[in-house]
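Order of writing sets the labels: A, B, C and D. Residues in every chain begin at 1.
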Amino acid sequence: MNKAAIDNQETFVLNLGPQHPATHGVLRVKLTMDGEYIVHAEPVLGYIHRMHEKMAENRTWAQYMPNTGRMDYLSALSYNHGYAAVVERAMGIEVPERAEYLRVITVELNRISSHLVWFGAFILDLGGFTPLLYAFDDREKILDLLESVTGSRLTYCYFRFGGVYNDIDENFVDGTREFIKTMRKSIPMYHDLVTKNIILMKRLNDIGPISKETIRKYGATGPVARGSGIDYDVRKNEPYSIYPEFDFDVPVYHEGDSMARYMVRMDEIEQSMRIIEQALDKLPDGPVMVAKAPKIIKPPKGDYYQAVEAARGSFGIRMVSDGTNKAYRLKLRSPTFSNLSLFSEACEGMLLPDALALMGSLDLVIPEIDR
Amino acid sequence: MDFAKLKEQLRPLAILEDVVAEETADVEVEQEEGAADLDAQSVPEPQQLPAINEVDHQAKGFDLDVKVEADKVVEAAKILDEQGFFLEAVTGVDWLKENQLEVVYDYCMWQPQCRVVIRTRLDRENPVIPTISAVIPGANWHERETHDFFGIKFSGHPNLIPILLPEDSDFHPLLKDFKVNE
Amino acid sequence: MGAYFKEIFTGTKSLFVGLGITIKQMLTVKVVTEQYPHEAPRMKARFRGHIELNPNEDGGTKCIVCGMCQRSCPSGCITVQGEKREGVKGKVLTKYQLDFTKCSLCGICVESCRPGAIRFSKDYNLASTRKEDYVFDLLKRLEEMNK
Amino acid sequence: MDSELIRVIAFLVGIIAFAALNAAYLVWLERKGAAHIQRRIGPKEVGPFGLLQPMVDGLKLMSKQILIPDGVDPILFRLAPILAMIPAIMSFVTIPFSETLAARNLNIGLLMIFAFASVNVLALLLGGWASNNKYALISAVRSVSQNVAYEIPMLVTVITMVMITGTLNLNEIVAQQPNISQWYIFRFSASPLMPVAFFILFICSLAETNRAPFDLGEAESELVAGYHTEYSSMGFGLFFMGEYANIVIGCSLSVILFLGGWQDPFGLFPGVWWFLIKLYLLIFTVIWIRWTYPRTQIYGLLNLSWKILIPISMFNLLLTAGFLKVF
């Protein structure tokens, strides 16, 4: 913004990260600062790059499933879902209805837990510590529920090609209903404690506005896009699994500022709960695994694409199969990679704390960016 | 968005390609296949159609598949950008046997849902392709990533340094002849 | 001017509401944390710990040394060895080693095992300063379990 | 030795011991309070209810090596933590814990406290500057602008108080409020805005001591640890103690000026316990506030000061002057 300042060398470079409390992981942002104003920001990525895409080429299709959950440790199931769905699409596997319901229930639970962590961490970025622990308390209930079904708490690896690997029991259904009841009570509390707080409103309203055009040019998706007035949700626009059977809204806010993104996510928690409730009501009986599951996974030649709505946006998998038991090429399109790429443009001329609020509102999960 | 109009706009960009008999399976095409293989360099036969194919979304996950020459990707990006598409990802595929590198651009539109794939093949020895980051700034990082993984050079790219790999890396791990040390 | 005072008023009110919520949490909600070393968590029935050999009725192993687990493991952390013995049909398991440093607890091995010879253990309390401690000899573990 | 000297030495030792112990146990209170607000238990392993935890923490801090990083200004770097501590301790000299329990019953006690309070900001500035660390420098600059902004409404409010009380002597101010109806916070005959004045003073003392939600200086999610990023061991410890001592001073002032100091609310048994009860209730409020709100932003903070607190305190000043003239 301030060209004169750069020319006169009145700027300095501030290294935000790779180890910094606000970057939630090992992201480094090279900030050129004019006082506390950001002249230029350059995110430096790749500190936990693991080359998941090469691993896909060295493992069988089934063996790669655990990897997908490890990309985004907060909403691992969405990523499992995307991967399972693309292989099923290629092989033409019909997933039993009950399995689809279980997928939706668990993915939506996982989405709520992811948003809760984001909520806590975002307020932590803004200097409020307590909401983090309230959010973690609520999330703990989800983790317990998911653990009772999948067997683990973070990297679930619950889906299989053609279904899920375990059926749920009555306890899970009751527990989920119980959880939704308590969550319905918690959300107004969060709104009273955080959303309506004048300090928070002052910090988020009109901070970091992102225009519709910027969103489109950078390919941002998910709550970031929906906070800028773009009504795009893969679950609605390009329905997969059994999402068309549920009645839910896509929260859209038009302001484009950090508050809008915040509100989108808070509203999404409510919508996810609605989906879960409907799914529990309609849950059909039947197998959770396709009866004639192919023993050896060898998708036919060709390339396939599948997008799913992960907690952070549209997660896409482009797979190229050469008809063998390993992927020829597997491209993982992670939503936060695109979402973060607009940060550099959006934060120019902002104060450092505002830029961190903006960064927090993008909901970064670094392993997912770096893959 | 008018899908048919978009197809018309993209049609001139697509390379001409021998039609592989599929859903448009005609007897003529089948006859031509052998002939086209014999002299691929000859003047395009009427049966060599532009490589712009509508794809069954249910089966493949995208709607339009366009093969273009490397120097047409910018033009394609402009057309799609004007139509309101956004760029999902840029990536590559290494076709070692054919000694070619494929660059794939995934475009998507929010409403109505439409996914367009632009793909182009490059020579593996000298993979250079113009950048589309001037048209779509979001492509910047995706192209850097593709450069990291495949060594594809995006000419005109403002900042083609490694993004995910270490800044001093000189290897391209997604090439098929890259050896993985287990 | 009206908006100015209104903002002061609503803002102050929101601050007091916040204070009310936290003090209510402090006074009414009981502690939810688990006092870990004093009270150990109970693992869920499906908890995916590291694998262990599933004993049959007489304490032996059900393993038929087919090697499916070894092949299905994405990380290559399972080593199975067996040998032919006289008078016994099929192979006899001589070594079942799990390199837990590489294991990602995905559970594919357990699913791939047709005789049901391996299962998840409930161990979560794994800590050591040496890497070698995480190379488990599951056959030995089975013997110890039988004692 | 004459008794006056013994008295001074005894009080000095007492004050330093009080400041140190108080800081240690305020940390304990802070951790416990935060924990229970957050549905946790907090320190509980060392001693009953974790009461020995602050002692052990203090020992740990003292036994650590003082690291002086390369490139720092060696003199200023060492000076800053001391400078953070001294004004806080000096201010204690004039605080009347009870009618007789005060090191010095100064006529200009109020003035002295504010004089030392403004020195405090120098410590932050020096610490931030000498650390040769960009985060610390940003933090120092923020702290200074914040302190300057909040000194004004604070002093205007205090001037209002001085106009009402007619004295700068803290003990006399307390003596004027023998029971709850005569506490200055409820003295509507002096000015109908007295509770507002109390809030302004309280908010300002929060801001002056860099406490949440005004802790821009050590905003840990932005500036790592602010001006004491580079400090280790007791260098950090002194900053820490200084901060808590300042909280005590700020809250004491509020108690003395508005809540009747050591006076019993019912006018029965005045004494040091009443002062301590009021003081710690107010300190608990400070802690409670910290664990409730997110941090303000620098312009929000300055807006609050320049657009809200200063006009209101100025108005209050005029109003009080008018009331004094008329009644």
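Keep in mind that, in the parts below, a residue touches a chain if its C-beta (ideal position, glycine included) is under 8 Å from a C-beta of that chain, and two chains touch if they have at least 3 such contacts.
What you are looking at is a predicted structure, and each value in this text was computed from that prediction instead of being measured.
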_Between chain A and chain B, the fewest steps along chains that touch one another_ = 1
*asked:* Can you tell me which chain pair comes out on top for contact count?
replied: A-B
_Central chain (distance from its CA mean to the mean of all protein CA atoms)_ = A
_Whole-Å separation of chain centres (CA-atom averages), chain B against chain D_ = 66
*In whole angstrom, what separates the CA-based centres of chain A and chain D?*
43
*Between chain A and chain C, tell me the centre distance in angstrom, where each centre is the average of that chain's C-alpha atoms.*
24
*Residue numbers in chain B touching 2 or more other chains?*
none
*Would you mind listing the residues of chain A that make contact with two or more other chains?*
130, 134, 137, 193-194, 197, 199
*Spell out, as numbers or ranges, the residues of chain D touching 2 or more other chains.*
37-40, 291-293
*Pairs of chains that touch, anyone?*
A-B, A-C, A-D, C-D
*Inside the complex, what are the residues of chain D that reach chain A?*
34, 37-40, 134-135, 138, 141-142, 212-213, 215-216, 219-222, 224, 291-300
*asked:* Which residues of chain A touch chain D once you look at their complex with the stated criterion?
replied: 12, 14, 20-22, 36, 123-130, 133-134, 137, 193-194, 197, 199-200, 202-203, 351-354, 356
*Interface residues, chain B side, partner chain A - complex*: 59-62, 81, 84, 86-89, 91, 93-94, 104, 106, 108, 110-111, 113, 115, 117, 136-138, 140-142, 145, 149, 162-166, 173-174, 178, 180
*Please give the residue numbers of chain C that touch chain A in the complex, ascending.*
7, 10-12, 14-15, 17-18, 21-22, 25, 32, 44-48, 72-74, 104-108, 111, 120
_For a test of understanding, state which residues of chain A touch chain C in their complex under the given definition._
59, 62-67, 70, 130, 134, 137, 140, 144, 147-152, 155, 157, 165-166, 189, 192-194, 196-199, 201
